[in-house]
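The two complexes that follow have subunit A in common; it is paired with subunit B in the first and with subunit C in the second.
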Partner chain A sequence: MIDFGYTLTRDRQLDYDRGDFRYLKLVKSLEPSMDLCIGCGSCTATCSAAGFTNFNIRRLHTVIRRGDPESIKAELKKCMFCGKCQLVCPRGVNLRNLILAMNRAIEILG
Partner chain B sequence: MIKFNLFVLPFSLGLIYIVTSIVMHYYRWIKALPAVDKVKLSAGIRTPSKVLASLKEIFLEGLIHRKLWKRNPLLGYMHMSFAFGWFLLIVMGNLESRVYHGAYINAPYYPIFLKFFIHDRLVLFFEIFTVPAFFRFIMDFLLLFVLSGLVLAWIKRKQSKWFGMKQTTMHNFFDRVALSCLWLIFPMRLLAESYTAGYFHGGGGFLTQNLGNLLVMITPGPAELIAYFFWWTYSLVLGLFFIMMPYSRYMHIPSELLLIVFRHCGIQPRKWGSSFSDLEVRSCSRCGVCIDACQLNFAAGINTIQAVYLIRSQREQYIPENIAQTCMLCGRCQEACPVGIKIDSLRLIKRREIGSGQVSDFSYLTNPHPGFADVVYFAGCMSQLTPSIPIAMEGIFKEAGINYLFIDRNGSICCGRPLMLAGKDKQANELIEFNKTLIRQTRAKLLVTSCPICYKVFREEYNLPIRIQHHSQYLLELVKDGKIALQSQHRRVVYHDPCDLGRGGNIYQAPRELLGKISDLEPVEKDRTNALCCGGSLALMGTSMRTKDEVTLDALESLLAGDPDILVTACPLCKKTFSKLSKTEVRDIAELVYDAIPSRKTRIAGTVKDPEVVIS
Partner chain C sequence: MDNTVIVIGGGISGLTAAGMLAQQGLDVTLLEKENETGGHLARWDRLFPDRKKASEVLDFAMEGLNKVKIVTGVAITGISRQDHEFTVSTNLRDSGYGMQDAGYQSPVPSPQSPVPSTQSPVPSPQSQYTASALLVATGFDLFEARKKEEYGYGIYNNVITSADLEEQFKSGRKVLTSEGKTPGRIGFIHCVGSRDEKVGNLYCSKICCVTGVKQAIELKEMFPESEVFNFYMDLRMFDRHFEELYYEAQQKWGVSFIRGRLSECSENPDGSIILKTEDTLTGKPLKMTVDLLVLLSGFVPSGGTRGISKMLGLQEGTDGFINSADQHSQNNLSGIEGVFLAGAIKGPISVSESVADARAAAAQIACYLSSFKVTND
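The block that comes next holds the complex of A and B.
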């Protein structure tokens, strides 16, 4: 391919009809406080792991909501579980358990 | 002459059953011990001092129930009357039976049902001072002693508050049957002995003889048959109690004896469970002391997950996940437990089973050389949310002229304990190895941390060849060495013991001594081993944040009862949790120490408060 000095970005459109919402359903049942999230990103700003790598809890949350769990499987392993996120969450989302629930969902649903 | 009657059979069968069962259980527990623990056990039982210490504890805890006496005298007396009274009844009954039976070996039922076989009359006045009379007196006295405990046990069902217990355990079917049997044993014995003594006009002591005379007088019908009926009932409830014992909570009686021996031999619970933990599970008497100790119970109204229920479900081979996960692992129940069961380790074993399946990937961590120093300062993740703590610590380091290194200034790598609390030990070990390398590279002699959570895991899991101190210890040492001079601010403060520093790290005195130098320390109602958890515990999973807030508010109410100027703690997580809901100022001990240095050269505007100022 000819190098034009730029590339096309990957198509990031999500088709809601094809989304895999089994994960969302399971995670929600394991940690209902997930629904309180307003997406402010405080968790991500304070995250210990995010200090070293591009780990992003808010993104995980958004992606699982949109029914695209594939992309988070590798990401989720980066969490150190220190629990700072839930201390700064202004909405009182039980974030540590949310991560645990996501892990659990992947364990159960593959 | 062989003394035998058919009614002794239920008791004898029950006795054979329970003895066989105990022997089999003991054999299984000892056989299943890991090899290292077996060596410890065999060495321990050959060491006279350890055997003596075990016997002493068995006597004090198993018979006298010293810990329950300390908790509540009525509760202690109730248990002592049952355990010690019954024990003495057996011993004295055996001795008494020797008087009548010349042989060295008796049938086991003979002493138990002695009064059925022996009922000679006391005829002459001087016989009152004879050996049989002495035994009659002592046996009746002991029976009365046990019965007094029984009356208390009945009262306790209705009025547990008098016994220092707000809530008691919800029992299951087997426990109820065994309990009913236990409660019937001694009244049946009393009635059987009394009727026999009354019928034969002799053979009883001050209690059974007089009661017997009365009963025979007032009850119509043949006294001999009534007595025989009660002997049968007595034997039946004894036999049934013995048969129910291995399936009920009363298995704790033989189990605890072995547990005490194990403990004195230095056997510890293992991470993945061992027969020591199985034994601990069996040693739980389901007394329910842990229910009252649990903050989730009295502050948040959760009363199904306490240690007693965890252990019972473990014994039934199935622990529901919410019981394992809903716990702050604060250790209050462990301190309160009269058997001394390591409840936190039992809960963590279950968490490891749940959490170990998931993997982590920490390959993103890089390892730049941190530099060299005499003292490594590890603030911990949580201290990053309370920047005033590392600021104060750095100020003090500079003031004291210490060659220090703030190793996690630019973002902490977690110490690993939060992962462990979720049962992910393997993943935690990756972080531990990483931090270990980092700390070793500095060639420091001392590691100081501001976070009790880190402190606990540094000491227990890191195997570092250097000294490890929490900052409250370190600062006290600096003051004692004259490195920093402090001037008291004379503010009224109360000190909150963080769980992992107090019960977890056994550091109670250092922070108090330090606070005594710089402020007017006031006592609080629940402190030291009985201190409350702030509610922010990282171990609590699967509950809403509201539950945590309820625990925090309850703890604050207790701590701030005396309306102090400042609530002082020594843990960034406690500080963060309390600050959210406290109307009183919450500060860390390091901040107070820094404020109390009158000559400090590193001036900062005003006092050290959350993130306003940073020392350049």
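The block that comes next holds the complex of A and C.
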């Protein structure tokens, strides 16, 4: 077939009605304080890994909530568990356990 | 100058100020265009942040009114001034109720059971009232949500306003979709008619944020299985206990907050509503179907405020609300001698702030009528 140089672009839209909320349900049961996030970004601002990689824990939390957890799988490996995020969180979210819970969710759900 | 005051507007600000003035021995006449006093508060169920019944707050304000001459159902047709005396001319509106003279009966009449006017003499269609001081407490109207046509109010049956929802709460009925179903997913849209140059309103209406949080909790209480989403630009929890209410909504009730302003919505054949917004925290466009959409309508200056402002030549801000002589220390003074301001005429304000502001205005008027100096000049 002749290659005309066209490609199909994946729809970037988050379709909440077709989201995958299995991860959210599991992670939330393991760390309920994730509900308290106000999206301020303090965690990412202080993150040791975020200084050198595109790791963004605030964003990972948000994509799980939106039923779009695919991108977290490769990302989570970048965390060094230093715990600074948890120290600065103004809402007292247990971020270290949130990351452990996300890892656990990937173990269980793939 | 004598001890007479006319209060224009019988909402929570006007009522509170009238009561305070009367208790200080002043001769107070309150003019209200509707057939009932109580204003917006009379239509609301519960108040943020503590969910106090609106009717209890109104009852409290009404208790001090037994010496106030309350005239309802009148339109103000003109205001004139000679030396230190104002004359306010009125016309009866529709088949309006007449004068509720001294001896007002508490508790507050509900809209369904108006206080009969037969005990009092009905004023002739045209009347005149005179006083040495005027308090203008003509308040706000809710932004007409139809103007944001892309949000579908008045077009799609399952799009309602926060005021509609409050009326449903007050009625005690379950909140159902227009198809009579329990809503499984509910969306709240913040800033409808506020912070929006496209409708000419640059300002923040300030109380809608916490109203959205309060109503989200109330719907979760009614339907624990439902999912509730609040779409916001910022959440401005400006007053005491508001942030705690937001915290409770997240922690106890699992209400979700999505940062992004609704661009437009459309209707599915089954009556549900499709929302299109950006989830700005993931940087992606987001589509979501909800069974019920609640628009948090903001404040605009009321028709009464605009009318009285023109008659008196009050200072209007670019937002249409009335500017006081000084926002810091002369916030109840209009800049016109003998004319005072209270409540939402000066911009969006909560009930508790209205009560405080009305009392401050009453104190200023009492000072003015006793010839205490109330201005800097």
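Everything that follows uses one rule, which is that the second predicted complex is superposed on the first by the 99 of 110 C-alpha atoms of A that agree within 3 Å, B and C clash if a C-alpha of one lies under 4 Å from a C-alpha of the other, contacts with A are read in each partner's own complex, and residues count from 1 in each chain.
Just so we're on the same page, contacts are C-beta pairs under 8 Å (C-beta built on N, C-alpha and C of every residue); 3 or more make two chains touch, one makes a residue touch a chain.
This is a predicted model, so every value here is computed, not measured.
Engineer: Should A:35 be classified as contacting the first partner (subunit B), the second (subunit C), both, or neither?
Structural biologist: Touch partner of A:35: subunit C, not subunit B.
Engineer: If you stack the two complexes on chain A, which partner ends up touching A:12: first (subunit B), second (subunit C), both, or neither?
Structural biologist: After superposition on chain A, A:12 lies in contact with subunit C alone.
Engineer: Of the two partner chains, subunit B (first) and subunit C (second), which one does A:92 touch, if any: first, second, both, or neither?
Structural biologist: The first partner, subunit B, only.
Engineer: Look at A:62 in the shared chain and tell me whether it touches subunit B only, subunit C only, both, or neither; answer first, second, both or neither.
Structural biologist: A:62 sits against subunit C, while subunit B stays out of touch.
Engineer: With both structures superposed, pick whichever of subunit B and subunit C touches the larger number of subunit A residues.
Structural biologist: Touching more of subunit A: B.
Engineer: Return the residues of subunit A at which the contacts from subunit B and from subunit C coincide.
Structural biologist: none
Engineer: Touching residues of subunit A toward subunit C in the complex: what are they?
Structural biologist: 12-17, 32, 35-36, 38-39, 58-59, 62-63, 65-66, 68, 91
Engineer: Going by the contact rule set out above, which residues of subunit C touch subunit A in the complex?
Structural biologist: 235, 247, 250-251, 254, 256-257, 259, 279, 281-282, 284-289
Engineer: Can you tell me which positions in subunit A touch subunit B when the two form their complex?
Structural biologist: Result: residues 30-31, 33, 46, 48-49, 51-53, 55, 74, 77-84, 86-88, 92-94, 96-97, 100, 103-104, 106-107 of subunit A touch subunit B.
Engineer: In the complex formed with subunit A, which residues of subunit B make contact?
Structural biologist: The contact residues of subunit B facing subunit A are 355, 357-362, 364-366, 381-382, 384-385, 410-414, 418-419, 422, 424, 427, 431, 536, 538, 541-546, 573, 576-577.
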